[in-house]
Amino acid sequence: MIGMLTGRVAALGADELVLDVSGVGYLVGAGARTLSRLEPDQDIVLHIETHVREDAFKLYGFLDDIDRAWFVHLQNIQGVGAKAAFAILDTVPVSEIANAAALGDKSTFARAKGVGPKLATRIATELKDKAPPTGRSFSIGLPVHSDDGTTGGAPVAPAGGDSLAREDAVSALVNLGYNESQARQAVAKILRDADSEAPLGDVIRLSLKELAA
Amino acid sequence: MIGMLTGRVAALGADELVLDVSGVGYLVGAGARTLSRLEPDQDIVLHIETHVREDAFKLYGFLDDIDRAWFVHLQNIQGVGAKAAFAILDTVPVSEIANAAALGDKSTFARAKGVGPKLATRIATELKDKAPPTGRSFSIGLPVHSDDGTTGGAPVAPAGGDSLAREDAVSALVNLGYNESQARQAVAKILRDADSEAPLGDVIRLSLKELAA
Amino acid sequence: MIGMLTGRVAALGADELVLDVSGVGYLVGAGARTLSRLEPDQDIVLHIETHVREDAFKLYGFLDDIDRAWFVHLQNIQGVGAKAAFAILDTVPVSEIANAAALGDKSTFARAKGVGPKLATRIATELKDKAPPTGRSFSIGLPVHSDDGTTGGAPVAPAGGDSLAREDAVSALVNLGYNESQARQAVAKILRDADSEAPLGDVIRLSLKELAA
Amino acid sequence: MIGMLTGRVAALGADELVLDVSGVGYLVGAGARTLSRLEPDQDIVLHIETHVREDAFKLYGFLDDIDRAWFVHLQNIQGVGAKAAFAILDTVPVSEIANAAALGDKSTFARAKGVGPKLATRIATELKDKAPPTGRSFSIGLPVHSDDGTTGGAPVAPAGGDSLAREDAVSALVNLGYNESQARQAVAKILRDADSEAPLGDVIRLSLKELAA
């Protein structure tokens, strides 16, 4: 029901905050990484995931829409709930999650608190052949969040700038005849090793070299 | 619970948008035809249908109230959910749906993605003898939506201008002694063939000729 | 969750209205008597009863809090749902409902559409020995609604002015030793026959005469 | 979903109030102690606990976040619902609840209306070895509420000033090797007997004397 909230930080708790929007203080669950970037009375935009259950109506908030998208994507895996998804997002930057997913690298997921070896293996296996999530504003590059956590500032690259380059490279390789899974692995390796801001052309060229090896 | 939302397009996704209303970004499901008429930061009025389930609290949005009314009306038919209803509304203009319903013309419904022949037949059969939906503001002709998608502009014909002419013609024929089903079919044929803005008198005269044939 | 809404009439339907409050159009079920007193774009205050069910989140609106209180009170009776409660409130003024309840007069309830003799009898019997509802602002006489349907205007007698006089008279008689049920019947008879704005003293004096007869 | 509400008192009932926030009147359950400190049209901040059930969506409001925290904490005990929790909070100031909890003193809880000896004993036993609740803004000392019930005024000690001193003293004693339960009891005795605003140093010194006795 709610997808975004724009308001003022009214209270900060251990795993939640209260965001005041014109007098209504919404109780929003958040990860440690998000909470650590917030200050009382700060004006922010949060991307919200609404969870409705028979006895709960919960809001989870993220400064970047791609984090929200991964929060949802991770919980499609059996055994991963909100807590484990937050733990992973708090420990592993989103770009690394995409690489680890493409490479089936369970050790990355095992770094997260409360994620044991068995669950880490299942996460890596299930994510491996799936396209990473795109989030809500991916298609039209809406200014989602500027790095200083405020709502102002020049519009930044669309949610998940890294995701855009990744998808363009993968679809280029698929068009050249490679199957999607191989293409994803090659691109993930390149993005992990090379500077993640590498131009698209280089990413494709290096991925082709990787596939030819 | 929510019937209308007036706000600013904050984000556009593949099958949903986020509409910001004084800081609260409502997540609203919408059809491709609606989304294609929207732009980021545009101020719009959406007619909302609220779906409450044990684990979901969903909002569906429409630029015209009559679309929302047909979205609800179509889902009274077994096997038609939100997705199929959107597919029909995205493929067939509302006036054509009313004609196809009156004429029991299943081929119109079969044009919609995901609507097979069996479901199309059931839709045509079940809609045939039912009066088309009227929507919320039908009774008093409130300005519902102007064509350029903004909230301003001169008040336009009430929701479903076409529906008004249709209903007036049908009730005139019923008053002349014809049964409702026959009257609806005749009027539907005239509205389909003739210019749908034809004056009421002509619609009644041509329908009578159709019934006398 | 919601107890009152202050906003602008955005749309009027057959048995509901959309009330716009800062851009959110709340869908509010209402009775014919309430809807007949409203006009498009009118600013009003509605007293709201929220019904939450597994698959519904409904708001019902009333121009006077005492109507809302009776709407809830009537539905405590088995077989009386929102529809029947609205039918009774649309047919019988609240003060008459209180009299009919005290006097166990089923014919008053049978006047309402959809309320058959059996249900009317059960309503009259079950209400007979119960104190009438007081509503939310009864205790401190808050200005609830002025007669012209707008939010402004001088503060009027607290919700259910009639209910106040009734309760004061009944408790006076009970203090004089009469049992509550007898006291309620006597006061109801007086309020029904005499001018319902009769001063408290007269109501008590006439009720004592009634009880002594 | 909702954690705080900032608005105007629109209506006061026996066990609830309506708080108007930009036109939406939220129905908020409250205890007698809270309601007695409110007046019609007063601007206030309420700390809200949201209860979602299959057929209910209830808001409970508190002028101090620590009261809300105890309201939740008490209901973790089997047999204590919202009504009993309010009864305890209406009868026993929060600082005394913390002392009674630490000392396992059931007589304090038995003072509350509707809390019999059996339930009082269970409350005292179950609370005894648990750390008192901290509330949402405990960690960063946000100005939660000033004593005159309005939202303005100089920022006061963070929610539960008393709780802060208690926790600091207990953790100091635990660091000196005492087990937590003993430490809590000693500190509770000191806070109950001595002036509850006693400086932290005195509280620790007197508690050590108590433990050495």
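By written order: A, B, C and D. Residues from 1 in each chain.
Convention: a contact is a pair of C-beta atoms (placed from the backbone, for glycine too) under 8 Å apart; a residue touches a chain by one contact, two chains touch by 3 or more.
Since the model is a prediction, treat every value here as computed from it, not as a measurement.
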Both-way neighbours, i.e. chains that touch chain B and touch chain A: none
Centroid comparison with chain B (C-alpha atoms), farthest chain: D
Same-site or different-site touching of chain A by its copy chain D, using the half cut: different
Gap in Å, rounded to a whole number, between the CA centres of chain D and chain C: 38
Length of the line joining the C-alpha centres of chain A and chain C, rounded to whole Å: 53
Chain D: positions in contact with at least two other chains: 22, 24, 53-54, 57
Pairs of chains, among all present, that meet the touch criterion: A-B, A-D, B-C, C-D
Of all residues in chain C, those that touch chain D in their complex: 1-7, 21-22, 24, 48, 50, 52-54, 57, 65, 135-140, 142, 144
Interface residues, chain D side, partner chain C - complex: 10-14, 16, 18, 20, 22-27, 40, 53-59
